[in-house]
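Shared between the two complexes below is chain A, which has chain B as its partner in the first and chain C in the second.
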Partner chain A sequence: MIELTREKFERVGPNIEESQAIVRPSMTYWQDAWRRLKMNKVAMASLVFLILLGIMAIIGPYMLPYKYSDQNLMLTNRPPSAEHWFGTDYLGRDLFVRTWMGARISLTIGITAALLDGIIGVIYGGISGYFGGQVDNVMMRIVDILYGIPYLILVILLMLVMGPGLVTIITAMVITGWVGMARLVRGQVLQLKEQEFVLAAKTLGASPGRIIMKHLIPNTIGPIIVSITFDVPAAIFTEAFLSYIGLGVQPPLASWGTLANDATNVLLLYPYQLFFPAFFISVTMLSFNLLGDGLRDALDPRLRK
Partner chain B sequence: MSSNDKALLEVKNLKKYFYVSGGVLKAVDDVSFAIKKGQTLGLVGESGCGKSTTGRTIIGLYEPTGGEIIFDGEKVNHLTYDGRKKFARRAQMIFQDPYASLNPRMTVGDIIGEGIDIHELYTGKERMERIYELLDMVGLNREHANRFPHEFSGGQRQRIGIARAMAIEPEFIIADEPISALDVSIQAQIVNLLMNLQQEKGLTYLFIAHDLSMVRHISDNVAVMYLGMIVEMTNSVELYANPLHPYTQALLSAVPIPDPKVEKKRERIILEGDVPSPINPPSGCRFRTRCKYAMDICKEQTPSLREVSNGHFVACHLFS
Partner chain C sequence: MLRYTFERTIYMIVTLWVIITLTFFLMHMIPGDPFTSEKRVPEQIRQNMLAKYHLDKPLIVQYGYYLRNLLHGDLGISLKYLNRSVNDIIKAGFPPSFQIGMQSIILGVSLGLVLGIVAALNRNGFWDYISMILAIIGRSVPNFIIATLLQFWIASKLRWLPVSGWGTFAHTILPSIALSFASLAIISRLMRASMLDVIGQDYIKTAKAKGLSSTEIIWRHMIRNAILPIITVLGPLIAGIVTGTFVIEKIFGIPGLGKYFVQSIYNNDYTMILGTTIFYSTILVLMVFFVDITYGLIDPRIRLGKGGR
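Right after this comes the complex of A and B.
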C-alpha cells in the first residue's frame, strides 16, 4: 500500500484564466457560413456548375473558329459534328458559339438586373424602415403602386420608348423588380432597429449613418444575398420569356431565349436544336435556386452549429 | 429629495405617452425624482409599470411627452444631434437582455470600442490598450477581444455590455434590469461588479429592477412605481423597515425571508386582480382597484407624492 502523506499533495485551486478560456477557434461570420455551405453537397455542385458556366460564357465563343453572327448558307440546320459541336441553325450559324454567346447575354442580364434590384431595394427599404412612421408610410405606398403595374405592359411601353435591346430589358426588369427587395429589407430593418444593440449604439451617440452601415445592413446581409441569388434565375427566365415572344434581344445577337425561339420553328425537323438552350436555361435556374437554398441555410445565424 | 446637496440628475414631472390604436398609453405619468452624485436610486415595480420607459426617456431614446430632465444643471430633453452626443459621453445605459444587446456581427473588441470610435477618443494602439484595460476591469480576458458575442455566456455578455458603457467614462449609468436575465449565482457577481465600479469611479446609478432584495443591496434610495407613477420613495433602509403604501407592503411581502421559522408565521399580502391596462387606467388613485383600504376619495382624486416623515414620500390618501 502506498502511503499518502500531506507532502505528496499540492493545492491547485481553480484556474480562473483557464476556466474563462474559450476552446473553439474564433470564426468570423463569413468563415462560419462558408464552412456550412461546404457541407451542403447539392449547393456546392450548383456552385461548381455556375462557375464552369461563367468560364464557358467567357471563353466558349472563342473555342471554335466562327463568330456568333457568321452565316454559312451552304451548311444550314446541320446536326452536331466535329466542325459544329452543337450543329448549325437555319442560317448556318454555329450553335455552340451562339449558345455560349447566349449564356453571356443571359447571365449578364440576370446578374445585372439582380444586383441593381438589390442596390436600389436595400437603400430604399433601409431608409423606409429606419425612419419609419410617415416616411415609411409614403415610401411603401409608392412600392404598392409599382407592384400593381402589369409587367408586360410596362415592357412593351419601354420597348416603344427606348427601342429593343439589352438596356431596355434590364431597365424594365429593374423598374418593377426592386420592390421585393425593398420590402424584405424594410421588414428586417423595422425588426432590427428596436433591438437592444441598436439602442445601445444610439445611447453611445452613433449617427443614423453609422447605425445603418455598422448595425442594420450587416445583420440583414444574409437574407439580401439569398434574395439576390433567387432574383438572378428569375431575371434570366424573364429575359428568356421576353426573347421567346420576340421582345428581347434582337438578332444577330443571341440569348438562350432567342435560341429557343429559333429552334421551335424547326422543332419537328431538328428537335435537338431546342435541346441545348432549353437544357442550359433549366440547369442554370435549378443551380441558382439550389445554391440560394444552400446559402439561406448557411447564412442564417439561427442554424449556427 | 429634501437634502440640500446638489442633484446630478433631476427629473421633473416626466411624462411619456404612446399613441396607440385604442387610446393613449400613459407609460410614464408625472414622475419626479432626483439622484445625488455618487448615489444609487433603485426603481422597482412589476412588469409594464413604466420603469424601463422612464430609463429610456431619460437617456433620450424616447422623446418625453412632457416634463423636464435636468442633468448637472442642464436641460437634456429635446436635444439636437450634437447635444445628444455630448450628453452621451456623460450618461450611459446597461441593457436588460445580454443576448440582444450585443451586435452578433461585431467582435467584442469592436463592440467595446464603439463608444471610443464614435467620440474619437483613441485610435490605433491606444484604442486596443484601452479595450484591454476595460476587459480587465470587468473581469474578462484580453484574448476575448477578437471573439464574437455568441461565444460567451449570459454573465460574460453582460460584462461586455458594462465594458461598452464604461468605455467613454460616463458619470451616470442607467442599469435597465441588468440582472433579471441572468442566473442567481451570476446576478450577485454582476451586482458586485457594478458596486465596485461605483466606488472606484464615483458613478451615479439609476438601477431599474423588479427584484427587491437586489435593489436593497445596491440602492441608497428606492422608488416604487405602479402604472406609470411613483407611489412611494425613500431611502432603502426606511422602505424595507417601514413600508407605508399598500402596494409597497404587498410587494415586500412577496420577498421570501431566508428563515423557515419566520417564513412559516409570515402572512403574505396577496393582491387581487390584475394590473389594469395603462391605456385606460382607473380614475383617481391607480391602485384603488386592488387596494383593500380603498375609500371614496381614492376614486375622485389622484393622491400626490407627499413627504410624511423625513425623506419618506408616499402617494396615498391614507396619509394625507
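Right after this comes the complex of A and C.
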C-alpha cells in the first residue's frame, strides 16, 4: 500500500487572477442589442432595404439627365424604356426621377415628424412622470383630451390654416402626433423613478432636469426608439393620404402620395404607372414595421426569450 | 362603475368642447372669407352677405352664436350650397358613409377574429401563415392603393362588380373590402397574440385536467378571455375607418359625407367644415366613450385602476 504523505500532494489554491479574468469581451447595451438584431434576418433585410432606399433618395434624382419638374409634352405617358427607366407621366415628366424625389420627400417627412414627435413626447412625458402628483394630473388630462381628438381631421384643419407645404405637413403631424410618445415615456418614468439609482442621484444633489435627461430617459431609450420606428411609417402614410386627397405637397414637387394620385387618374390606360409609387410606399412601410418588430425584440430586455 | 362612467362622460364633453372651439378659431384663421372667390360685387351687397351669416360681428360674438345654435342641434347653413342647411347635407351624406363604415368594421373584425383564433390554434401551420400574410398586407399597403387595385382588377378588368357609383348592394362590396383590410390586420394579429397568451395560462391546464372537451375549452375558456384586449383597439380602429372613408368615397365616387367634407375644404365653406368636423368628432368620441364603458363593464380591473392603464 502506498503511503500518502503530505509531500505527495500539491496545494492548488484558488487562482485569483485566472478566476477573475474576463474571458469574453464585455458588451455594452448597444453591442448586445446589435448582436441580437443581426440574428433577426427579416429585420436585417428591412434595414438593408431602408439604407438602400435612403441612398437612392439622395442620388436617385441625379441618375438621369432630367429634373423632377421637367416637362416634355412630346413624350407623355411613355412606358419604361432605356431613356426613361420608369416611363413618363401625363406631362412627360420622368417617373424614375420623380419616384426618387418622392422617396426623398416622403422619407424626410416621415423621419422628421417621427423624431420631433419623439423629442416633444419624451420631454413632456418625462416631466409629467417625474414630478407626478398634481403636475402629472394636469399634464395627463391635457394629453387625454388631445388623444380624443381625431388625428386626421385635426391634421386636415391645420393644413388648411397653414397652407400646403412641406413644413406645414410636418408641423401639423407633430402637433397631434407627440401624444402617444408622451404617454409611453410617462409610464416608463413612473416605474423607474422609484428605483435606487434615482434616489442616489437625488442625494448627490442632481437637478430634476439632469435626473430626467441623464438617468431616466437613457433607461427607457429602447421603447422610445421602437416607438419612433413605428411612427415613421405612420407619418409616411399620413402624408400619402393627405397628398392623395390633394392637401399634401403641391406640384410640381412629388411625393409618393401625389405620384399615386396622378397614376390613378390614368389607371385604366396606363396601369403600370401606379406600380412604382404603390410598391415603394408599401415596401417602405413594411420595412419600417418589420424593423420596429426586430428592434423591439433586440432592445427590450423584458421580452427576451 | 357609476363614478367611472361619470368621469368618462366629463372627459367626453370637455374633449368635444375643445374640438369645437379649436375648429372654430382655426377656421377663422384661414385667409380670405367665403365670398372672396365670388364675382366682384358692390361693397354694400358684400356687407349684407357677411351680415346675413353674422360674419361681420367680432369673432367672440360669432363663437357665442355658434355655440348657442349648436346646443339646439343646429349646425348652420352651408355657405356654398345655397339655402341648404348643414344638417340636411349631413342627413343626405351620412347614410352611405355609415353603411360602408359599418360593413367594413363587421367584415374586418369578424374575419380578423376568426383568422386570429385559427392562427393561434394552428401555430406555425398553414392558416398561421395566411393570417400573417394578410396582416402584413393590411399593415403596409395604404387603403387607397388597395381600393384602386380592387377597382382595377375586380371591377374594370373582370367586371364582377360595378366600378363606382352608389345604389345597390353590389356597389358597397368593394369599398367595404378595401376599408376593412387595416382592421383585419390589426385584429387578427392582436387576437393571435392574445390567444397564445391565454393558451399558456394555468386555468387552461386545469380545464384540460378536468376533462373538458377541447371545443368547450376553446369557446368557454380561451376565446372569452382572449377577446377582452381586442375591445380596447376598437376605438382607434373606428377612427381609422371613418377617416378612411374620405379617400374610399373619392375613389369609388360614393355620395357620402367624406366627399362633402373634402369639397367644403376647397370651397372655404366655414359652416360646412365646422359642421362636418364636429359631427365626425362627436361620432368618434362617442364610439371611444362606449368602448371605454364596455371595457370597464367587462373588466373590473380597468375601472378600479384609477383610470390609468
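Before moving on, here are some points about what is shown:
Here is the rule we go by: the second predicted complex is superposed on the first by the 277 of 305 C-alpha atoms of A that agree within 3 Å, B and C clash if a C-alpha of one lies under 4 Å from a C-alpha of the other, contacts with A are read in each partner's own complex, and residues count from 1 in each chain.
Just so it is clear, contacts are C-beta pairs under 8 Å (C-beta built on N, C-alpha and C of every residue); 3 or more make two chains touch, one makes a residue touch a chain.
Keep in mind the model is a prediction, meaning the values are calculated, not measured.
A count of residues in chain A touched by chain B and by chain C gives the higher number to C. In the superposition on chain A, A:Leu199 makes contact with chain B only, while chain C stays out of contact range. Contacts of A:Leu274 after superposition: chain C is touched, whereas chain B is not reached.
Of the two partner chains, neither chain B nor chain C is touched by A:Gln134. Using the contact criterion defined above for the overlaid structures, shared-chain residue A:Thr264 touches chain C, although it does not reach chain B. By the touch criterion stated above, A:Thr5 is placed in contact with neither chain B nor chain C.
Once the two complexes are overlaid on chain A, none of the chain A residues touched by chain B in the first is touched by chain C in the second.
Chain A meets chain B in the complex at residues 17, 20-22, 24, 26-29, 195-197, 199-207, 210, 214-215, 218-219, 301, 304. On the chain B side of its complex with chain A, the touching residues are 56, 59-61, 81, 84-85, 88-89, 92-93, 95-97, 100-106, 114-115, 118-119, 140-141, 143-144, 146-148, 150-152, 156, 161, 164, 168.
Of all residues in chain C, only 11-12, 14-15, 18-19, 22-23, 26-27, 29-31, 136, 139-142, 144-145, 148-149, 152, 156, 239, 242-243, 246-247, 250-251, 262, 265-266, 273, 277, 280-281, 284-285, 288 touch chain A in the complex they form. Residue ranges on chain A touching chain C, taken from their complex, read 144-145, 148-154, 156-158, 160-161, 163, 233, 237, 240-241, 244-247, 260, 264, 267-268, 271, 274, 278, 281-283, 285-286, 289.
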